[in-house]
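Several structures are given next for inspection.
Each of the next two complexes has chain A plus one more chain, namely chain B in the first and chain C in the second.
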Partner chain A sequence: MSDLDRAIEQLRACRLIPESQVRELCYKARELLIEEGNVVSVDAPVTICGDIHGQFHDLMELFRVGGDVPDTNYLFMGDFVDRGFYSLESFLLLLCLKVRYPDRMTLIRGNHESRQITTVYGFYDECIRKYGSANVWRYCCEVFDYLALGAIVLGASSELEPTASSANDTTQSTMPIDDGELETEVLNSHGEVTMSTYRPRLRSSSNISTDSRNISPPRDISAAPGQPGMPVRSGAPGTGASADGNGSATTSRTGAVLCVHGGLSPVIDSVDKIRLIDRKQEVPHEGAMCDLLWSDPDEIEGWGLSPRGAGFLFGGDIVKQFNHINGLSLVARAHQLVMEGYKEMFDGGIVTVWSAPNYCYRCGNVAAILELGEDTSSGGTVSRSNGDYGRSNGILGGDAANRVVSPGRRYRVFEAAAQDTRGMPAKKPVADYFLVS
Partner chain B sequence: MTSLPANVVPVGHATVSPEAKAPRSISINGFRISTQKLPILKAEPIEEMTNKLGIAPPEMIFGDNFVAIEHEKSDWAIQFNALDALDLVDKTGESMLQVAYSREWQQSREKTHEGIKEVVKPFDWSYSTDYKGTLHPNAPPFEKTTKPIPVELLKRPDPILFFDEVVLYEDELADNGIAMLSCKIRVMPGRLLLLSRFFMRLDNVLVRLRDTRVYVDFETREVIREYQSRECEYEKVRQTLAATRDDIPAFMRDPNQLSEVLPVVGKHSERVVLDG
Partner chain C sequence: MAAPHIPNLNTLRRGRIRGRGASRAGEDHGSRTSGKDRVVQGTDNDASVSRLSAVELGYLDDPYAAALTPPGSATRRLPIINRGTYVRTTAIDQLVARFLGPYSPESQAPKKQIISLGAGSDTRIFRLLSSRNPPDFVYHEIDFAVNTTAKICAIRSAPPLQCALGIDSSNNEVTVSEAADALHSPSCHIHPVDLRSLSANSPSPETLPGVEKGLPTLLISECCLVYLSPSEADQVVSFFSQHLLDSVDDTTSKASEGSEPTSQPKTPLGLVLYEPIRPNDPFGRTMVSNLAARGIQLQTLHRYASLEAQRTRFREHGLENGQAAADIDFIWEQWVSEEEKERVAGLEMLDEIEEWQLLARHYCVAWGWRDRDEVSAFKGWKDLQAQAGE
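Now for the complex of A and B:
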């Protein structure tokens, strides 16, 4: 057994590795990460995860629900550290797995992977407390500077393979239509399907836009009611541009998926522009790199300034346009707590994935991970090289080539790890004789 | 994401645990005290609350939580809940704060993005509230008083029959600090004390504490409500502490310690004696 495998075993048991080993690990990780572009290409199948925030036992629960590394190919969208009690164990384990299985583990940077934020929100204090000095914190921060800013998932299938599940009465589901394809599925932590949605199968390019059998539920599963369902996505209106040829991320029939911690930036109109950023630095307070890690989608039109006086908000039209220009079908991001673990917005153009259940050990929320399956039907269109990948091969031609279908999305929802596995007592309020405070 | 880091949560901080069955209550001398603690709201109730309030609620919104004290005989009741507290937050943006690096951020944007000027739905995103609880509509009114809450009686080690701590809302101010409204209550055989505290720290800008204390004497049925507001610029607090302490970051996260150094900027007391 190699040192690395031993370290993985030790960290899995929530036991820290010696400082010298952390140093070596961080050095190796940097060597690996420096070779990655700002936007890493990842082939489906892949499981996309949101914020972890040092909730180690919940990360173990995530692996239990989503499958172990390297059997499952993982993509973590940042915010590994701060808030929780075990930022060190969580981040070092993920880093070990990255070094051990570089092609099965993708880590991108969150806004908490920064010197400034970690000194305020717990990771720095944890390093001092557990290692007695700031050395380990420094090694980790150096790794943060090399983390990629985003990832592009290629070759995802538009249709999910239905999960074999004992159909029970509580399952909410639209009836599978004659030739409908399974678009989304929500599973609980026992692997039981709790919800599924279908969309009409694409039959030929000529009747896509005239398909009136609008019987699948709104794409925005968790959105406000009253929004008309949009079972079929036609080309983005108004732009007249086609997604193939000049897009930076195309494609088989299913559009590519951009994964980023926060969101879009007004200075970034194409994925290629993200590639031009000099990322090897502390997260700046402004500019494209800052936006990618900090911005939020909102129910607005166009771009807006956050009331806080810093930070951008972007509306559905921005997402639609960005996806269209770049041949994307979906932006997956993390960064915001959502009670249900995931939240699709803007007709499914963007999804927030949140993977820290019972956040801060007191919110009572569930968490989710997003699985994208592999498209086995369009073999050969996906290039495996890093940074230069397949353009449209023209097979679809005509209208169909303009139409980007979103990937089938399987959400696995899970709860916080059982109290007894977490190595600390359940917190109960302790009666105290408070007076002034 | 973005509060109080979990590892520096003060002892006794309210949590949502599976065994927190709701609501809990105790009745004593005609008074009924109850608390409820449930997880944060789901998307749909958040939507409803957003529509009711006209502003986006904090990201951790414990909309089902409450602390209530009722005296049935006199129709008097006071309840602390998130919706009513948030309804008192400035919704116009008049008292809007800006994060520390706002100027720097906006200057860098002036050149590149003159088009984006509109602040989306301006409001007091620090969720500062001067909430003092929601009174029953028929409750006999409070009158101004100078009578203080009898601290000496509260210092006695009387047995605590009921204790709870309930978070109503919390926001991490997009990783620029914390805003949190929480209540704690302890019930002794002869009296009770409730403390509702709004704590807001905007890093490198401002620290704010707004406390409402409700004291009830079960024998005399006297109720005293005291409101106290403390506030200071962040840098001033930091400088005051710099001379004497080396754990300033931890200190700045602890409202209990901060309350000892923040100057009082507003204070008033009211009382009412309920019919027996």
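Now for the complex of A and C:
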């Protein structure tokens, strides 16, 4: 067993590794990350995760629900640290997994991966407390500076494979299956389907407003292996995950998915502009890089001032235009607590994924991860539908000629790890609530 | 920037300290009750630490915060907690200021009195005395003897506090009880009283010396009554509204021969509450269970679970002239000026907007009053913006 595997095992048990090992790990991680572009290309299938915030035991629950590494290909959209009690264990474990399985683990930067924010929100204090000095904090912050700013998911299927557990659902097999495709499915942590939506199968005969190119189920994904700019992941450490796609996303019938921690920026109108940022620095207070990590979608038109004091608010028109220009079908982002774990906005053009259940051990929310399936392109999949349940309007409306089909989305919703069985502290920090006798 | 809330993993692994909570439940009833009181008394420490954090970061201007925070316990709170402390403090300051009215040292304005329930280490009395000197009000603080003793001890060791109270060597108007748990001065009284002992039967003049039944009175409960059982909390409010302050003055009522006792004009009385609300949504349920894990039970929380329930509560206590409530999020949005919001937002980067709103919507300030036309002690409250709905 290698040192790295031992470290992974130790961290999985929520035990820290020695400072010297952290230093080595951070050095290796930086070497790996420096090769990655600002926007990492990731092939579906992939499981997209939002904020973790040092909730180590909930991260373990996430792996239980979403599958272990390297069996599942993960993309974490930042905010690994701060707020929770175990930022170090959580971040170091993710970093170990990144170094061990670089092409099965993508980490992008959140606004908390910053020197300034971590000194206010707990990670700095935790490093001092657990290692006795700021050295480990410094090593980690140097890694933060090299994290990618976003990721593009290519080759996602428009249609979900039925979940294994859906075999229990007898309606699935008895209902007609020829009139729609499973677009969204929500599962609880036991793998039971709690909600599903279907979109009508696109046929020229049944939908005259649809451009003929959209007739067939989108199985002919163009982002096929071997295309220029589409690296085939070999699995060799440090090689696979790094090369950038080169606009190939725009030709995909199932639009690509842009993953970013916060959101869009008024000074960025294309994914390629993100690639031009010099990212290897502390998160600035303003500008493109700041906005990507800080902005939020909101029910407004155009751009608005953010109440966070950094980044901007952006409306549905902005998202629609950005997706259209860049051939995207979806922006996946994190950054905002949503009580239900995920929240789609603007006709499914953007989704917030939040992966810290019972945030700060206080908020009472559930968490979610988003699975995007692989387009098999072989026609081997059988769509499932009960025909009349929750017809989706998830297709971006309007200009049919430029329509890209949104990927099938499977949300796995989960609750906080049970405190009693995980050695969680029974006492909560006193600052959690405002109290006075 | 110590972070005592981050547990030491080593002790967690070895210690298995979880058993402690379970054994507490097994104790006999008597010690459990006093244990619960101790937990409630301990929450005052949280409050003073939070206040000092907000003061040191520039949210609040309070020269007395440091002197009333236990030495060595200063901790920087999270930005949302600091903002919450700021909103709650300034909201109640505003209610108090509007009750006292404009200050003018020359005018012999009719005096008013403020009674702070479970005042703990609160600094409001010192801030008021320093800004309205000579004072045009009488201030009473009521708390467990253990808390009043600590406060008097703090006063004794902090010249700025003594100065605010007007204590100097030549001044013999200030008296401290032998047990050092009660303090009386012309404008400030600290009473070592368990609120649950206040009832219609208790001999009020001895229990709360210095309380004048004819003075327009403001009762303040900052997270105090919520710890009592619903009937105890009712009893405390009724003690003041029905018993102690039931009439303006005994002599005047006797002078008006033949008048029915029920027609006696009541002393103008206002009640300001600051407490958690909305315990029944996911955040609220988590709050209840987290506090329970700390041994804290907010006993009236479910009874007064909404803004409307708080308004109804005032009506039931005969505070018929006005009943209003607003959650902390609303007060931040509506009461704080844009300029001040910008100043406060600039103090610390508050990243967690959603969490702030979630937290702030689970605390409310509620205010209700009864008045007399010729006194109109609470007219300043009428144009305060309240929140409609639940």
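Please note the rule applied: the second predicted complex is superposed on the first by the 335 of 437 C-alpha atoms of A that agree within 3 Å, B and C clash if a C-alpha of one lies under 4 Å from a C-alpha of the other, contacts with A are read in each partner's own complex, and residues count from 1 in each chain.
Here is the rule we use: a residue touches a chain if its C-beta (ideal position, glycine included) is under 8 Å from a C-beta of that chain, and two chains touch if they have at least 3 such contacts.
Because the structure is a prediction, the values reported are computed rather than measured.
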Does chain B (first) or chain C (second) touch A:L149, or do both, or does neither? neither
Touch check for A:L305: first (chain B), second (chain C), both, or neither? first
Which of the two partners, first being chain B and second being chain C, lies in contact with A:N111: first, second, both, or neither? both
According to the stated criteria, A:G287 is in contact with first (chain B), second (chain C), both, or neither; which is it? first
Where does A:K343 make contact in the superposed view: on chain B (first), on chain C (second), on both, or on neither? first
Looking at A:K130 after the superposition, I want to know if it touches chain B, chain C, both of them or none. Which is it: first, second, both, neither? second
Of the two partners chain B and chain C, which one touches more residues belonging to chain A? B
Check the residue A:L16 against both partner chains and state whether it touches chain B (first), chain C (second), both, or neither. second
Pick one for A:F85: touches chain B only (first), chain C only (second), both, or neither. both
Contacts on chain A seen with chain B and repeated with chain C across the two complexes: 85, 111-112, 117, 119-122, 125-126, 307-310, 336-339, 358-365, 426-437
Tell me, which parts of chain A touch chain C in their complex? 14-16, 85, 111-112, 116-117, 119-122, 124-126, 128-130, 296, 307-310, 336-339, 358-365, 420, 423, 425-437
In the complex, chain B residues that touch chain A: 1, 3-9, 11-19, 38-43, 46-47, 59-60, 93, 96-99, 101-102, 104-106, 108-109, 112-113, 115-123, 125, 151, 154-155, 157, 160, 163-165, 167, 173-176, 184, 186, 193, 195, 197, 203, 211, 249-250, 255-256, 259
For a test of understanding, state which residues of chain C touch chain A in their complex under the given definition. 1-9, 12-13, 17-18, 20-21, 40-44, 46-47, 49-50, 75, 77-79, 81, 84-85, 88, 118, 120, 122, 143-144, 147, 222-224, 227, 274, 276, 281-287, 290-291, 293-294, 296, 345-346, 348-355, 358-359, 363
Can you tell me which positions in chain A touch chain B when the two form their complex? 51, 53-54, 79, 82-85, 111-112, 117, 119-122, 125-126, 222, 224, 266-267, 285-287, 294, 298, 300, 302-313, 334-340, 343, 356, 358-365, 419, 426-437
